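Given below, in the form of structure tokens, are the structures.
Next, two complexes with subunit A in common: one pairs it with subunit B, the other with subunit C.
Showing the complex of A and B:
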């Protein structure tokens, strides 16, 4: 079973590339403090807006800080927000989907109508409103808010899977054996709906990173001087005619990272799809 | 002595759009300790719904409702809390389902699924108990089967595993819902012999649902014939098969192909069982009955008790 998955996984070069890049990013972020060439917070006003050179690989910003080092630290910001926000989203989405699909009835109606309401809001505006209410958003709040607003689609997906699974005979057998409800839900039902969860989890990480970048770009995300790809991009916007490197490198980093997660997600979808043998 | 299971005036309705449609209607049925009762009938006559009721496995999302009473040793199951009912499942009443191919969880090993049942009884996993259980259902090569996933073993083996799971607690009543229908004929017979043997060995009562008259004759002490949610005839298996009284039972038995003699034409019962949404007035069988008369169209026949034999028909 696992070897079959591995074989399918291996056969797709794009998935492998995405996966490899994510692994590299994780490793880089873990060892960033040892690897960065300059202090990302050190201002050097004599060397403002220097173009890329061997010393400053990605140039310097308007305060003379090393863009390469700042982006290096930004990896950790983006990945941690991406992973934690996705985790929150998956957790809520899975629990809501399981509960709605398993118990049906009024609980299902209430939860799904709530999901409908959530899906009616454009997520970005909802997040902006919430962040605007909070005076100074911290990293934790950003993770929380992205996580809390991105689960409804997933909940509906899981519910659909649960609806098709709960009619299977093995669910009746499990119940007929006298197993407890938590056991039926988490041991018998959840593993059978896990593949869409895995795919959605991967895709959610990518979209959470994108949302964080967007928020930081709008000035509502990670606050300077703490670097994030989004806020480096914002400062780059003002200097785009004289310092292209300030916009290009963070933009590329966001693009490549989100693309990697999407490629991995798509790859997982193909690998885990039971219809493809 | 009070019967082990006593179903009194049970009606089960399913909701279809805005209407409640009966799947089982006014059913009375007793099952004594150690007795095997076969329930026969065409597809959709309510056999499976009746089988799921004592276990409390009917849908609980508001699409199904029950009226009447089901007693297990004088305890009305419908008055119990959900948790109390759960503790009866598997322990006092167990069930074997029709399709062994979909009755095991595809992502868990046989050992895991068997141990789940064992943990409920002994509080912790026990390899020896699992081995003994598999031996009891005549599975050789038990070690390999324990390590397998359901898709790695055959249908017959899966059904044996499912029977083993059902027997962990030595239940007083085993409900078998067409346990052999999905299997090859040779395997069918083995499973049937196994169930007979285990029933005697463990002193279980059994409700055996089937539409195979050969199996009914082979396995059961008493039989109930269901039609459109009603039990139309009930009695000792030998009596019913030798002298069926209800026109439906008679027609059912007539339509069996014979193994001896020339094949000729098999008499086929005309028509279809009624849809639950279009139940005829009076006796539900009267539109297909060859002995119908005026009263049948107006009055639903009430059961007449005559020496343990019950026939729901105006002719008797």
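Showing the complex of A and C:
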């Protein structure tokens, strides 16, 4: 079974490329302190807004900091926010979906109406409102808020899957054997709905990175001097007339990273569920 | 049909209540609210603002009274006055909302015009190079930050080529122009935001159109149409297209929250005076009445969009309304 999956996985060059890029990004972020050519926080006011050169591959920003090094550190910021926000979102979405689909009844109605309501809110408006209520946003808060606002779609999906599993014979047997509810839920039910969870997890990492960069771009996400791709783009906007490199490179990094996750996610979908094409 | 419509409308009522409840919760948690344990430590919220909040949202009354009063105001679209300039919030919304609707409406129209032929072409030439290029385009479209495209377009078309104005809705001197000149002026200002939103929106919709078309052309009645000797262009453009357009109606309603969300960022980039930028400005100024109003109206709009999509779907496809 696994070798069949691997064969299908291998046969798609785009999926492989996405996967490889993610591995490279993770490695780069782990070893970033050894690999960066300059101190990303060091200000050099004599060399402000210098265009790309051999010394400063991606130029310097308005405080003379090396953009290449700052973007390098930004990999870790983006990936950690992406992974943790996606983890929170998947955890809540899966639990809510399992509970609603398994117990049905009033619990299902309440949870699904709540999902309906959540899906009515334009996500970014909801995030902005929460950010306004809270104090100065920290990284942990950003992860939490993105995670807390992005689970409803998955919950609805998982619920649907569980509903269709419920009536299968193996569920009857599991219940007939008198297995405990947690055992039925997590040992017998969860593995059968794991494919959409895995696909959603991968795609959510990508969208969380996009959301974070957007928030940081607006000045509501990662706060300077901590570098993130989004807040470098803010400088790009502020100095748009003189420094194109501040706009070009961070955006390209976001595009490539999010694209990798989306390619991997779609690839996983093809591998795990060949019905959908 | 009438039963279906009334059923959908009735089902919307609990969701409306849910929206009001969720916004109320957020508001009650806001600094100044009874549960805001952090507010004493929060230097951004002055005692003055807190007092205003308590008065505006009746935060000193029992919880059920607070909520009922909040719903009572929502029904009348009374969001109080802005903390910043003391203007009625609803007046600000009335200024901004039409501009967002104008831009999103035009952008949706443009996207539909482009997505339908692209989707059809890519479905008919399934797995050809056209289809492959489209697939790549779709993936890039899903992964690209809209505001980054906006920045690049501003650099190319605004700075290097100097063809189009980069920001705003009208020129400063627009009042002195002729009627036609003013129209032209607005059109020029709309060009870049429109191009950016349409390009990024195109990805999803053309993919949707392609998949819908693929589903339809595999059905029996299409084989029948071919078998009775109809020319291929008639089969595709008349028999298949009509049915593959139906699901597209749904996507219109579903894309509304994303469209409004995206507005927050690209309206800010383009300094376009729409609802999204209003929300952003309000958050930066901690102007709570305006924040509450934009988030609530955003949710109402989405709900309305979903309802319209559902109802028109049922209108176009009898199988839905008779279920």
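A few notes on this one:
By our rule, the second predicted complex is superposed on the first by the 273 of 277 C-alpha atoms of A that agree within 3 Å, B and C clash if a C-alpha of one lies under 4 Å from a C-alpha of the other, contacts with A are read in each partner's own complex, and residues count from 1 in each chain.
The rule we apply is simple: contacts are C-beta pairs under 8 Å (C-beta built on N, C-alpha and C of every residue); 3 or more make two chains touch, one makes a residue touch a chain.
All figures in this text were calculated on a predicted structure; none of them were measured in a lab.
When the two structures are aligned on the shared chain, A:54 is found in touch with neither subunit B nor subunit C.
Legend: residue contacts after superposition of the two complexes on their common chain; A:213 is shown touching subunit C, with no touch to subunit B.
Looking at the shared chain after the overlay, A:255 reaches subunit C, while subunit B stays out of its contact range. Looking at the shared chain after the overlay, A:129 reaches subunit C, while subunit B stays out of its contact range. By the document's definition of touching, of the two partners only subunit C reaches A:120; subunit B does not. With both complexes superposed, C is the one of subunit B and subunit C in contact with more subunit A residues. Of the two partner chains placed by the overlay, only subunit B lies in contact with A:177; subunit C stays clear of it.
Shared-chain residue A:192: touches subunit B; no touch with subunit C. With the contact threshold set out at the top, not one residue of subunit A is in contact with subunit B in one structure and with subunit C in the other. The touching residues of subunit C, when paired with subunit A in their complex, are 14-15, 18-19, 21-22, 26, 29-31, 38, 41-42, 44, 139-140, 142-145, 147-148, 151-152, 154-155, 159, 166, 257-258, 260-262, 264-265, 268-269, 276, 279-280, 282-284, 286, 288, 291-292, 294-295, 298-299, 302-303, 306. Listing the residues of subunit B that touch subunit A in their complex gives 52, 55, 57, 59-63, 86-91, 94-95, 97-99, 102-108, 116-117, 120, 149, 162, 165-166, 168.
Of all the residues in subunit A, the ones that touch subunit C in their complex are 113-114, 116-126, 128-135, 206, 210, 213-214, 217-220, 233, 236-237, 240-241, 244, 247-248, 250-251, 254-255, 258-259, 261-263, 266.
Of all residues in subunit A, those touching subunit B in their complex are 1, 103-106, 108, 168-170, 172-180, 183, 187-188, 191-192.
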